[in-house]
Structures are given as C-alpha cells and as structure tokens.
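The structures considered in this document are given below.
In what follows, chain A forms one complex with chain B and a second complex with chain C.
Now for the complex of A and B:
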C-alpha cells in the first residue's frame, strides 16, 4: 500500500505527520517512509538510525562529440526545451533545461550526442528500527528539476519493498509537477492543512489536483483551534473526509523545533494518528 | 529599478505575511509580484482587483489522431516518460505523464501525432488596497512549468515598474531550491531569507543559501518565531555571521500573524505595535541594504 502526505501550502505539518505516523505505524507494521521533498528533505532530522545504503543518482544528459558532429542542426530542431544552443561551430547543451527525452541523441544523423550520466543528487537508506526503514533523496544544489530524482526514488522503493510493507511518501509542497510525480501512483493521499485562509486557499488547489488525478484522499487539520471554521465548512460541503485534527499547541511547535517526535510525548496526537491509521486501512471509496 | 526577493527554503515560516507587510508599508511606491505561483496566497492579504487577466501557455502535449494511427508502436518505443499507454491495441497519451518533448510526433511514420500548446495558468495585473500594482498568477490544476510562469510574472512586474516609473519591486518567492526559486532569484538585487528556529528551518535555510550564493547578490535574514527555540535562534545567528549574511531582525512567535490573516489583513495593519515596529525597521534596513549592495 502506498500513501502520500501532501499539503499545497508549505509548513502545515507534512513532515511532522509523515515522521510521527511512520514511527507510530511501525509499532505494528512494516513501514518504509520516503522523503520525496528532494529540494528540502528534512524528515531525516526526526528519524535517527543506521545508514545502510548511499547511492549517487544520475540523470541522462546528451554530451556533444565535436569530432563526429556534422552540424546538421537536427538536435536544435528537435529539442522542445531550448536546451541545445549552437554558438558558431560549437554545440552547447544546457543541462538544467534538458528533460532527458533522448530525441536529440537518437535523431542525430552522426550520433554525436550520446546520453551520459550527470549527477543530480544522493539517495540514502536508513534502518530506524526492525520495522521502519527511511529513504531520503536529496537534490544537489543548482539542480533545478526535482522530478527525475523523485521518479528514481519511486522506482527504488518499488524494487526494494514488497506489498507487505506500508509505503509512506512525504511530498514536496505546492501542487505542480513534483507533487504530481509523488502522488500519481499512490493508493491514498493524506492532505494536511491549517484552518486559516492560506491553508484553505492552498487546500482547494491540492484537492482539485487530487480529483484530476482521481485519487482517494482525506484531510488532516493541523494547528486546529487557530483561524476559523472555513476549512471544516469547505470539507463538509465538498463531502471530504476530515480524518484527524491536531490541536494548535505551542508545546508541539517546540518539540518539533528541536527535532523530536511528538506522538510518544503528547497522548492526544497519538489518538489522532490512530484515526489516520484507520483511514489508511479503510476500504477506499474512490473520489 | 531594484528587485527585492523574499524566500524561505522551508514553507510556513511567515514569508508571505512579511512580504505583504513590506508591500503595505511602501504604499503606492512599489510593484508587488507574487512568484509563489504553486501556492499564491498574498492576494488574500492585499486584495487585488484582478483587473487584467491573461492566459499563460507553456509547454506542449502530444495528441494522437486515432483515424490516422497505424498502430506501429513507434511512439511508445521512443517515449521515455511512459506517457503512451496501449489499451486494446489503441495508443493514447496520458496527459499527466507527457512531458511535451515531441519525440513521438517526430518518429510517427504517418504524422498522426501533433503537439498542442498547453494552457498552464493565468496571470493577473491588479491594483491592490494600497493602490499599488501587483502581478500575480494562478497555475492551472495539475499543470506543469511553474518556473516559466514565475518568469512571466517577474517580467510583467518589470514592465509595470518601468511604465509606472517605480523604483522598487518586491517579490514573494516560492519554497524549495528548484526551478521556481531559480526563476524568482534571476535578476534580483537583494534577497531576504525568512527563517524559523527549528532544525528543519535551519537545515532548509542552509540549503537555500547555497543556491543564493550562486547568484552573488546581497542577502539578509529575518528570524521569525525566534522564541520558539532560543538555542536554534542562536545557531542561526552564528550561521549568518559565518556566511556573511546580514541579520536584519527577529520576530517573536505571535498568534496575531494568524489572526490578521484570518481577517484578510496585513499584520502591519492591525497587528500589535511591537511587531509593527520591528517590521517597519526591517523594511527600512532592507531598502538601505539593497541600495548599498547593488551599487
């Protein structure tokens, strides 16, 4: 089973929920948590364990071979991303614009643009306890595209963990390509928001995105007690399941700030995670 | 004309509330750009009138003409994005997975595949409650290319500033370190980092600072919610010193941020006097730093 935790707005508690939920579930289940917020991964700050694997990850980028190039112009013509520039008799590849589609490489009449690996980040796997594995992918600074690294991390999880393991994904914020890459193949999505106008505004966007992707999803309200009731009214009106509510509590913010897990220190949070667990194991209704 | 960009690495640090405060304090003399197009929230505080709306097209989507298709499978073979599923022998394009590279259309022997331009969002040129002009956007549902929409918002903001003879643009950037942030930073004169004293906040601050360094522009930092964890606040200050980043100010954890937002107000409109004062001083300092650093 694959479950993504997403939010639209940043800073609403995705990582808090992902780390606490994974630790809580691992009391009774086999769990792997993958931090797919590859631009700013910080689930690892809350889960301490032994490093069992570290791999550099690469994406494929064309590399110009000037000895064989006949300057046919085909590469520039076929590149839809303006990632290939010709400067006089030289061809320049702009890796940050390249989407690794292979068109220039395979359509080049003189095969002068072989695809070569370019480093984009690092994947690490940690054993947290007998039941809990943590996988983190971290994009190198200066790499602009999160999607290829997310894709590879997804493949890594598929390859290394079987169906008896619950797979949790900590998603990046927002609702564009990296979030879609994380959520498109999961069974359920847990959306976490806060009951404020910003929280509601960004929740609506991510809800519409999940509906477009035809995902089964529910909402967790964090910092419950601040703001107003608009998020609850919206969920009720739209028939969206409110799975759990985590109270606004300065103590939680303080525990979080120091990198502590919360559910083992605040019993009310444990109760809410119990509800999230029930949601995960409930029969999907589809949306 | 100077561009000041506010970013945070981590989400939820108060970046938008603080940016909107600066915009509010500057009144009519500034152009505001909301470049956090994935989660554009600043309009909830500044109440733009959505006066001018423009469609934003970016990227392409492959479409297969089923009448012309000869089911050769060439398109599926070359597609690196698993975007061409086959069901009962029929080839279709999965719009969510298609990257719009156009490779399939180039190899199709019967020219059955065309690429259509994608409408990925809308952007707006508005007047806000201070009478200033704001450029903002809304990315379409499940749309791609937020980095390019950011670039569009920034370009429009520059055009507006030029036309209205405004000396300053303030930009609300997006979280992370990827393409939308890179687009936000491109062409900026000064960067304000909004940090929070948590391990995550410090971690994300360090990463986004590595990105900012590549741009070689002046950078200062505001620490929000500084009393949540005084130890990490000190760690942040040490980090700022080591990295030669100007410490601008620190703000206490204050529920009035949320209250103001709930009332659709900028925190300097009705927040407590202490916070108002800190933000006023911060903004003056940022303007000074922008003029010094970028000369």
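Now for the complex of A and C:
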C-alpha cells in the first residue's frame, strides 16, 4: 500500500499529518515514511530514531571528451532540454538543465559524451521504533532538480520494503514535476488544505492534477475553524471525500513548535487519524 | 561593430523585449553598413527548458560585438555568454530599439 500526502498550498500540514499518521499507524502496522520534499525535508524534526543507513546519491551527466569529439553537432541537436551548446570548437554541458536521458551520449558518433556520476544529495534511513522506519532524502545546496533524487528514493523504498509495509510519502508542495513524481505510482493521495481562500485556490489546482493522473484521493482540512466554508462547499459540489478535519487549536501549534507529535497528546487528533486510517484501508473508488 | 538587440518587433521603432532567453526577435545592426536585420526567435515559446541556453547558442552563432537587452541573461545563459567576446548592456527593457541604441551610444546603459 502506497499513500502520498500532498497539498497545493505549502504550510497546510503535510508534515504534521505525515509524521503523526505514520507513528499512529505503526501502533498496529509496519510503516515506512519517506520524506520526498527533498529540497527541504523536515519530517525528521518530529521523528527521532537511530540512523541505520546513510548513502550519497548520484545522477548521471554527460562529460565531454575533447580529444575524441568530431564536432558532429548531434548532441545539441538531440537534446530536448537545451543542456548542450556548441561554442565553435567546444561543447558545453549545462548539468542543471540535463535530465539524464542519455540521448546525446548514446547518439554521439564518436562516443565523446560518456555519462558520469554527479553527486546530488544524501539518503538517510532511521529506525524510529520496531514498526516504523523513516527515510529522508536531502538535495545538496545548489542542486536544482528534485525529481532524480525523488525517483531514486522511490526505488530505494520499493527495493527495501515489501507489500506488508504501509508506505507513506510526504510530498513537496505545489503541483509541478516533483509532486507528479511522488504521486504517480501511489494507490491513494491525501490532500491536506486549510479552509482559506489561498488554501482553496491551490487545492483546486492539485485536485485537477490528481484527476488528470486518475488518482483516488480525499481531502483533510487542517486548522479547521479559521477562514470560511468555501473549501467544504467546493468538496461537496465536486463530490470529493472530506476524510478528516483537524481543528485550529493553540495546543496543537505549541506541540508542533516544540517538535512534538500531537496525536498521542490530543485525543481529538487521534480520532481524526482513525478516520484517515479507515480511508486508507477502504476500497478505492477512483475519482 | 555589430550590435544585437532583444526586441518585440523587427523595426527601429519596435519595443525592446526585456527578456533575453525568451526574446521574440534578435535585431542585428551593423554600424559600418547601417543594415538592420532581424532574426525571428518566436519558436522559443515551445521550449519548456533551456530557453536561455538556446538563445545564447543563437547569439554565439551570430557572433556580435555587443548585446543590448533589458533584464540581462540568467545563470545558464550567463555561463555561455561569458565564454564569448560579446559585451552585454542591460536596462533597455522599457525603450524602443532606437532609444536603446541612442542610450548605448551616450553610455547611459549599465554594462553587465
């Protein structure tokens, strides 16, 4: 079972839900939580455990071999990302535009662009308790592409955790490539929002994205009680399942600010997580 | 001296295009022959990635002495252009091409 926690708007509670839900589910299930917000992973602030694995991760980038190049121009012609330019007798590769598609390298008539590893970040695995594992990938400062590291982290999870483990993915905010990469292969997506005009605006964008991907999804409303009823009206109108509502509560904010989990201290939050658990285990209807 | 302008049209009275990578046209002026020719760059709209490097490649192939533009190139374009001899002047994004040329001649544009 693979579940992604996403949101259109940032700061609506993805990490709060992901960390609390993973700990709550681990009371009865094997769970792995992967923080795939690789540009700024922060689930680790709330889940403390023993570091069991630390791996440097690399992506493959073509490296120009000046000595063998015949200046055919094929590389710059086939690159869909404009990551290669030809400046007179010199080929220049722009690593931040390269999508590691290998086209230039494979099609070069003189094999002058061998793919070479370039460091992009670090993957860490922590044991939180007997049932809960936490995996965090963190992009190096200066790296611009989140997707390759997200892909490798997904592969790591697939390789190391079998189907008896519930796999939770804490997504980056927004609705662009990194979010697509996180959500495209999961069984269900939980969209968390806040009941404000900004929350609704960005919720609509991510709902439309999930429909395009034909995902089964439901909505959790966080900080319920602020703002207005427009998010609820929208979900009702669109036939979208509102899975749970987490109240706007100063006590919750204080626990969060201290880096604490909430569900074990605020019974109402545990009740809402129980609803989320029911959604996860319900038969998918598809949207 | 050959000068390239980023522009929204093909005439001296056309507005400058403040963008470098996604400029609609490149106008090339040769002050020896007084010729103004244009290169249609509007295909760049189809590029999701690397507009700056693609236009930089075009600029390299045009091989001018001076580039006059608005905002200046982004990081990727910059890393290409610094390997060429072209001198870059910015701050002409709100002018017409003619005004930008006059401003350049009168040393009113900041060098990038």
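In this text, the second predicted complex is superposed on the first by the 287 of 287 C-alpha atoms of A that agree within 3 Å, B and C clash if a C-alpha of one lies under 4 Å from a C-alpha of the other, contacts with A are read in each partner's own complex, and residues count from 1 in each chain.
Everything that follows uses one rule, which is that contacts are C-beta pairs under 8 Å (C-beta built on N, C-alpha and C of every residue); 3 or more make two chains touch, one makes a residue touch a chain.
This one's a predicted model, so the numbers in the text were calculated from it and none came from an experiment.
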item: Partner chain(s) touched by A:83 [first = chain B, second = chain C, both, neither]; value: second
item: Touching partner for A:94 - first (chain B), second (chain C), both, neither; value: second
item: Contacts of A:142 with chain B and chain C, given as first, second, both or neither; value: first
item: Broader residue contact with chain A after superposition on the shared chain, chain B or chain C; value: B
item: Where chain A meets both chain C and chain B, residue numbers; value: 80-81, 96, 99
item: Residues on chain A engaged by chain C in the complex (per definition of touch); value: 76, 80-83, 85-88, 90, 92, 94, 96-97, 99
item: Chain B to chain A touching residues, read off their complex; value: 9-13, 16, 38-39, 41, 44, 60, 78, 80-81, 96-97, 99-103, 106-107, 115, 139, 141-147, 174-180, 182, 196-201, 203-204, 207-208, 210-211, 214, 225, 228-229, 231-232, 253, 255, 258, 261-262, 264
item: Sites on chain C touched by chain A in the complex; value: 47, 49-51, 53-54, 56-57, 60, 76, 79-80, 83-84
item: Chain B-facing residues of chain A, complex; value: 8-12, 15, 37, 39-40, 42, 45, 78, 80-81, 96, 99-103, 106-107, 139, 141-146, 172-178, 180, 184, 196-198, 201-202, 205, 208-209, 212-213, 226-228, 250, 253-254, 256-259
